[in-house]
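In the two assemblies presented below, chain A is common to both, partnered first by chain B and then by chain C.
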Partner chain A sequence: MRGRLSASGAVLVYGAGALILLFIMAPLLVVVSLSFSAAPFAVFPPRGFTLEWFGRVIADEEFQHAFIVSVSLAVAATAASFALGMPAAYALNRWKVPGAQVMEAILLSPQIFPILITGLALLQFMARAGLRDAEMNLFIGHVLITLPYLVRTITASLKLVDRSLEEAALTLGASPWRVFWLVTVPQIIPGIAAGCLFSFMISFDDFPISLWLADAQTVPLPIFLHSSMSRIFDPSIAAMSTLMILTGVLAVIGLEKLVGLRRAMGI
Partner chain B sequence: MAAQPVDLALSGLTKHYGRNVAVDSVTLRIAAGEMVALLGPSGCGKTTTLRMVAGLVEPSAGDILIGGTPVTRVPVHKRNIGMLFQNYALFPHLSIAQNVAFGLQMRGVGRAETAKRVADALALVQLGAFADRLPAALSGGQQQRVALARALVIEPTLLLLDEPLGALDKNLRESMQVELRQLQRRLGITAVLVTHDQEEAMTLADRIVIMRGGRLEQVGTPEEIYSQPANRFVAGFIGAANFLRGTVAGQQPDGTMLKLAGGGQLLVPRQEGGAPVLVAVRPEAIDLSPPDAPAPPNGTPAVVEQVVYRGQMTHVYMRLDDGEPLLAYVANRAGGAQGASGAQPGDRVLASWLPAGNKIVADQ
Partner chain C sequence: MSATALPAPRGISLPSGKAVASLLMLLPGLAFLFAFLVLPSLVLLGNGFMTQHQSGDVAPPFSLANFDRLLFSPAYQRTVLLTLKVAFVTSGITLLLAYPLAMAIAYARPFFSRLTMVLVVAPLVVSVLVRSYGWQLLLGNSRTGVLNWLLEGVGLGVTPVKIMYTEWAVVVASVHVFLPLMVLPIATSLTRINPAINEAARMLGAAPWRAFLRVTLPLSIPGLTAGISIVFSLTAASYITPAMLGGTRGAMLGNLLEQQVTTAYDWAMGGAIAFLMVAIALLANFGATWLIEYRQRARRLASGAH
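And then the complex of A and B:
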């Protein structure tokens, strides 16, 4: 059922697409353009062109620290979520686990609860339990919110794997362990990559969990950005935002280079 | 390329899913080098039976013996079985040669020997030129031939075929059937085929096993199954059949005369007792003659309802006077309509056939 778009239909589709794109991109373009503004205050439209704000931000030790905190937090949380989520998704899909549906629902539940409330609950729990290591607390919190993304994407790709491929490998003499590594994993790598990208971005961008669990020494980038903004609103905020956007774009490009974005997103 | 052929024995093989019985105490022996087709409608248990032989499904009860050795508790990857799947199941991320080499690598066969055996196997299915391509670049028929090479290269004790040609179009399927049959004969490998296509079963198999509801209905050569169906189900499943119910009207020197409610009469082998008898008649056995011809000793009057010209045959759909349907295939020998004796819808005709065409079947 693939027809060709009529000329007027094409105008409509591309026109609507352009409008939606503008709606999504316009605020980001404002921020990015401001980060190059020569004016001392963040006002739109930007005046002049300078890279001074980027220089200042990158030279700022507090920013450097927050950036490193956020990137390492996102990498660690993603790695841990993958280590937990991959076997969980596999077991729930391939083995007869009593109460599998309930367990899957529990694994995905952090996505359903308001993250702000989850963060508050975590804070209270950790205070009660005497856990005062902010790095560790942030790590635990971020694993909690990134795990559902990995479980979900890996589950979705496992469901798409043709089971007869695994069965064929078994009949050819591959042990279940080798079937997993030689046949199953190559089929779900795009899903794993997409899940890791989501997870990284969710953690890197997270505000509501970090808001509760950060302390004075361990400040992730979104928290740092927010507190800087309440002090002063100059184009350096825009420059930080642009750097955050850039990190996301680089992650997407990296994924594209690694496995191909279209494959990773299942399109 | 195949190891010494071995026989396969199933003994009381049973599979329950909860309260559902998918396979109900199947006992069957398949001789070394024989090709047997499990044939039946969907849900009859044929696929589950095959998957239990492969080791992909664990039986609830019963035993599987390959070459006299019980393998019921042997995990699938240690059974040394070659299996073909309906969707070919080639590994999409591996080249054709890597696909074929997979089973040899699992067995730790050396590099040089693997390369040689892969080349031999691909030559066997005439796909040597495709070694470096990915499966997606091949047509369905080529992919299934690669799957066949991949299954045979490990020198399996058994070849299991799960609707292997079901996804191919008709012409290709027929040529693949012949190819598969020749290869299986040449290698002398014991094979089990699952299919719901009766022509495929008849083309490929030495013997056909008709299954229904998890049980065996009849086991026999294609000819036995077709000409001597055990019951109504088998007669109706393999080919087309008319079913006529007659009551005993009298004994004759050469058999028993049955009377049909619609007015006809049939001469069948001697029947004891007075119970109604169910007779199956193949449509191609039936001849048609004008209504004023002398009443046949074995036949019935009927009214033509529909005439369908099908090239080799004309299908004549009729109805007996008691409302029962009757179908005749009339051969069109000279290509004209003379075979169908020019029957038109609404015409009364006499349908007759040789008494040998009467097959008494159990009504089940």
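And then the complex of A and C:
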């Protein structure tokens, strides 16, 4: 890390960096500051200080319901993606499977496919098949968007495992199953936990899948927030947004504690 | 470079028992994707080549009429071109902003490097919806928008800036939304550059900016290309940002698709738009992959010739 920036280069990088970081934080700071405003409209600059909007939002039954829908959807989708992705990533990494590259590309493909179209295609498909259970359709859609993230983070963790430890255990007579549980798993747990946390946030924040698949009874939080924006103009929108920002900040702290952000992001 | 120099992974060779096991482990995931992504997408994209009937059915006769309308009738063509323009401008600006941040992550002292990393990644886990709402508040056309309020405060706000509900508001917010996805691959590329190469250039008398232009920048091209393709394809496929900030003037392909399907009930046209959006995303991704591999092969050939 040392000595790779000259003095003038450092000034340039730090100066430009500081300005760009301000650009990154600005829209989030505006939203957070307005959520405490005592004015009846979400208009800058905020006036006074109140926690009233947070109280109102948290007491709102529709908000509570949307929050529960989003959390259960994110947990269920992450669990299912893990169940599908873990064995697949392991097989692709540890055994010479013919066509492994193609299969890995297929497993990661939902990432490059436009999410808006993933959701629309699923909507049309399910409607034609007569499957109109919004909860089930949302669950399937959210598995589609979280699966590639889990496959990628699990693959990255498996690649970092010290293979000589596994081989030593095998040589000393442990069964492959015991080697997996006692040698491999402890090494990949932090990476997998980080992957699950990231996958949770992908689902929790998702808009373009839920846009198509939600119905009047099953409304995830982003859809609820979006529909509230067109009929409510007081700072409770900012308060809801701040709660979502808070969830994201907690997730980032979690990632940093679990494996360090750099590793979690693959740098 | 490190990626290509690694020895091939020592996979355990595959006796028949393992073959069965690996099939069992891969099959559920692949079958799930086939049933709920591949098949439905083929049906949806196939709609584009068929005809929308009065009854609501999309069925043969097969025709290219939808694509003809999408690409050549002025109203649709405008949206196609605007989408490409917004994606192009967004990737360019994002690149300029991302590079210094990536350099800070790769080269700064550990404290600043970590701080930059946290501030860059944090917005990535905040919903695009919330970030677009933030930009709505910031860019408001009247004096209540934060930007205009600030400009007025410093005495520059004689005429309020009015970029809200234009494609420029979409560009600003898209840059913000996709910036982390450009920073991360560039930072990865930069950290993989062997510092000795840069030091050698400096010791041989290259000025810092020259060493940057001739050594660092070319070696970061894989990350740069990956970042551009990700940002370009995601911007071209975005829905919520143009919906909240673009108004009718800044509507993009995603908004046109939503409108065709939910208001016009024209699934054939919807299929054609979806086809075009998928084509743009795949072209951007495969184009970038091809470019990186082509360069690497060219460099290997060049170094082998010495």
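Throughout what follows, the second predicted complex is superposed on the first by the 237 of 267 C-alpha atoms of A that agree within 3 Å, B and C clash if a C-alpha of one lies under 4 Å from a C-alpha of the other, contacts with A are read in each partner's own complex, and residues count from 1 in each chain.
Throughout what follows, a contact is a pair of C-beta atoms (placed from the backbone, for glycine too) under 8 Å apart; a residue touches a chain by one contact, two chains touch by 3 or more.
Only a predicted model underlies this, so the values are computations on that prediction, with no experimental measurement involved.
In the superposed pair of complexes, A:138 makes contact with neither chain B nor chain C. Once the two complexes are laid over each other on the shared chain, residue contacts for A:219 go to neither chain B nor chain C. Contacts of A:44 after superposition on the shared chain: chain C is touched, whereas chain B is not.
Contacts of A:209 after superposition: neither chain B nor chain C is touched. After overlaying the two complexes on the shared chain, residue contacts for A:161 are found with neither chain B nor chain C.
Note on chain A: of its two partners chain C and chain B, the one contacting more of its residues is C. By the document's definition of touching, of the two partners only chain C reaches A:24; chain B does not.
Shared-chain residue A:252: touches chain C; no touch with chain B.
By the document's definition of touching, neither partner reaches A:188: not chain B, not chain C. The part of chain C that touches chain A in the complex is made up of residues 9-14, 18, 21-22, 24-26, 28-30, 32-33, 36-37, 39-41, 43-45, 97, 100-101, 103-110, 112-114, 116-123, 125-131, 133-135, 137-138, 144-146, 149, 173, 176, 179, 184, 187-188, 191, 195, 198-199, 208-209, 212, 233, 237, 239-240, 244, 254, 257-258, 261, 267, 270, 274, 277-278, 281-282, 285. Of all the residues in chain A, the ones that touch chain B in their complex are 162, 164-165, 167-176, 178-179, 182-183, 186-187. Every residue of chain A that touches chain C in the complex is listed here, in rising order: 1, 3-6, 8-10, 12-14, 16-17, 20-21, 23-28, 30-31, 34, 42-45, 83-85, 87-88, 90-97, 103, 106-107, 109-110, 112-118, 120-122, 124-125, 128, 140-141, 143-144, 147, 151, 163, 198, 201, 204-205, 207-208, 211, 222, 225-226, 229, 237-238, 241, 244-245, 247-249, 251-252, 255-256, 261-262, 265-267.
Within the complex formed with chain A, the residues of chain B that make contact are 54-56, 76-83, 85-87, 89-93, 102-103, 106-107, 147, 150-151, 154, 160.
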